[in-house]
């Protein structure tokens, strides 16, 4: 029985990984198209219908390019760092529940790779280890722009990881569990407030935490307006200035996978994941995640970039105190048992 | 069971190799990578021991924060300031040997006293399950039995943080900057000597020009003729800098 | 009143004596860098992200335009002026052509002067649009650049309609315009004037009240007015500090004294003020263009054909022997203005663009000096960069509004 | 309809002559001329008026004092340094070889003025950097292009040409238009071919 579960889990993981990679490729297409529409442009429209084959063409192009290692690079680290970044990115999706258990061929197939009882912490841990890909890549390039990008990235990820973690504590207090399954189950209950029947989504009970999570998640994935580690107008390309070919694409893909994983996570934690008004299922999760992905693109099209000191000031002087305040409030509410929230 | 043991040995081996790498590597960044490797394997060993919470916290705190900071500082330090790794340093070698032997003796004594398996504590699988998972159990123990120790540790860490900030002296940067600014401004013929007193605040006198709210809480002045604002610039809040 | 009478004490030393200490990092920004607007190179000494010292290195686009000017006949040099500040070519043409006309003592007919003003103001808008787009892009606002370039296309279409070229227009000629204005051009320009204020509002919606934009630009790169004057800054860099010096107002050339417009002045002298000033300048340019269109005569000569320094009318070249002869000599040998030297300045989109021409009475200028505004303005970068962060440097380079073709000449 | 047979060289009254942008065109009435002549009787050499432009020529050693006087005198206040450049007078006169040309502008009075001084090879012109910060790059450019040394300049090095440029100063009149030698790109054996052909017309 143990073996069977393991194999099922592997198969689900394998399917998920491939779906994620495909999604990621189309995420680039989606971003380029949406960004283009926002900027009065057309976007990629030549390769296939609506430019749908563009990601494949890009992938082939990147794979065919020369893999250049700079002369004064730390060779081994330089070669390994992008792989690290890329390999760690999709792991976060393993704990996200994509639906209820499926009965197929007489086997119970849970639509989730692994139900870890510390799932939330696991995702945070992955985020904090994922930064190594950036730091080591930046360091090993032997380029000052890369070094500066790596330094920025380190400080940024450490600061915003803190905010990210603390913003989730409110949710954890309310749900009383670190498992995403439990958090999801908790949100699938409905909330009766007099004549209103609302879903018990945590965005309703934890709006501040949601906002903090959203901001910190954008910073954690190095996206605009927090894309300082790769700020192309200041640092050329930041930590991956010296990378080319498929190693460059690894960084690129890792960023998009991170975006998708964070969007899925946000949807699961705050918007009730697969829970929907009718016919619960993975499609609801997809719609919610798509909303977050669109939000990412929207931010990039609209906002200028922060300066480094402003970024750190925002994290430590504004977001962190707010997160602590949120924890204190939630704790008090929970302690006194006010409301059914 | 056999699989678990095999995995354990594998993880332990890699952890030890990583630890060796920390000592052996010449490049401090490589040392840090070795340390991360070691930490990650130790975390995996925790997982085998079904201490998921501990494992994840190990990764977040040690691999994700402490070593990242170590790497950060190493990257900031100029290569010339790093200690020299070449040549013999008898004092260092002696110190290292003594400390290493002491640690070895300590571990050996512990193993000899309690055996390799150690003494089982009050928390067994059943008691943990009764409480509701090891995360909960850990929390209960930490915040009831060891409350005082936790608070003391927190206090100590706070003191250390304040001490570190005091030692790092943020004004050191500004001093250096001020010095550099002096050099730079002098060399580029600063039009106003740095030590000269600033001019008195002069708010724009409405002459013929009209003041327009341009946005961002900032007015701009629209000059109608060529003669206004030539003697007296439309310049307010002099010291806004 | 600012006391300019006191000499300022300065001690002089060598810039290169600043050697980086161990904690500092020397960063070569450029000449190949996304936000140095071409091939500017800035040698930065950084401590962490704070800029300790900043030394702009220029000359990567030096083509010796002044030397070339001393080997071309007067009329031949007009296309070269396009290549100095290539985003505002008609203004460069205008400055040079006016300097030559001053040297010769001739003046273009009224109608041509109005059209020169219209083209110069359109150029100012086009140049400011390029500036706004790239400046916002440097600070990270991606979409503004696309919007500004979209609207710049409209101006380039007008240029194309007018003279056939879009970027290096070679539009002005000595003495006026030798070709008739296309009949539907005035309507095209009017259409643009009706549309463009909406576009400015669009840019302002994205930037003016944006908190990140304010945080990135307010209080950054402050230049006090007397410092700005002492550096010899002109254009928006000087007016952003509140000093009213606009060549169009101070020393009206063409027919600017007949036009009612205002000169925007900043009150704080930082990056944000220069942004506001330039946005307002675009509005004022629209005002000027509309007035010009109202005032310009629909008929009348476009070229000062009564002077011997001007190329004869094309129709007469084909029909009369005298003009054919003159045309031949004008083209082959050029014309010889009187001996003397002139300096004529126009208000370019980036500041005061001056042409200093020394004539020895031969058809080739003896000395041709281009006083380009951005070359002088760029000098203030180290002053503005004191204590700035690395990210501010790109904002500062953007706010000076440089085009390296004009800086290096 | 035919054009007039002979055209006047220059109109009798040029519209450029009466702008007063450079002050009164009569040198005797020009305040700068009068005051400089009073204050520096030895250094003042001549005044030239062409169109509306007033040029004062002063002796080389006094350039900085004169400019500073023009800047600080309450009646003059030429506080904006517009330009510093030079002219190689090799074909126009014997000595001195160069003219250093300083364009000044008074923001409060809205008037321009040009100050000139002659300088020969091997002589030094007093730098204006101590009084105008903006003179820094302009003088560097003069040095770069003409080889004129400015005494007291803090940082006199080449600005537009590479720092290791060893072929002299290109805006001198004896510097050939195409340089002294062919430029060989590093890594290539022969110089890039100079294109000397005629323009080709597209075929029918």
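By letter and in written order, the chains are A, B, C and D; residue numbering begins at 1 in each of them.
Criterion: a contact is a pair of C-beta atoms (placed from the backbone, for glycine too) under 8 Å apart; a residue touches a chain by one contact, two chains touch by 3 or more.
Predicted, not measured: the structure shown is a model, and the values here were computed from it.
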| item | value |
| --- | --- |
| Pair sharing more residue contacts (C-beta pairs) when C-D is set against B-D | C-D |
| Chain closest to the middle, measuring from C-alpha centroids that were averaged per chain | C |
| Whole-Å separation of chain centres (CA-atom averages), subunit C against subunit D | 21 |
| Centre distance in Å when subunit B and subunit D are each reduced to the mean of their C-alpha atoms | 57 |
| Distance from subunit C to subunit B - Cα centre to Cα centre, in angstrom | 48 |
| Distance between chain centroids, defined by C-alpha means - subunit A, subunit D (Å) | 62 |
| Shared-contact residues (touching 2 or more other chains) in subunit D | 107, 110, 129-130, 132-133, 135-136, 154-155 |
| Touching two or more other chains - residue numbers and ranges from subunit B | 76, 187-191, 226, 230-231 |
| Residue list for subunit C, restricted to those that touch at least two other chains | 8, 10, 12-15, 227, 230-231, 243-245, 250, 383 |
| Category of the chain touch graph - line, ring, star, complete, other | other |
| In the complex, subunit C residues that touch subunit A | 25, 27-28, 33-35, 46, 49, 136-143, 146-147, 150, 206-207, 210, 212-213, 215-216, 389-394 |
| List of subunit A residues in touch with subunit C within their complex | 35, 38-41, 144-145, 147-148, 152, 224-225, 227-228, 231-234, 236, 300-310 |
| Subunit A - residues contacting subunit B, complex | 74, 77, 116-118, 121-122, 124-125, 127-129, 131-132, 135-136, 139, 147, 150-151, 154-155, 157-158, 161, 165, 178 |
| Contact footprint of subunit B on subunit D as seen in their complex | 107-108, 110, 129-130, 132-133, 135-136, 154-155 |
| Partner subunit D, residues of subunit C touching it in the complex | 4-8, 10, 12-16, 58-59, 62, 64, 66-68, 70-71, 101-107, 227, 229-234, 243-245, 250-251, 305-308, 312-313, 316, 320, 322-323, 338, 340-343, 345, 352, 354, 356, 358, 360, 366-367, 369, 371, 375-376, 378-379, 383, 408-409 |
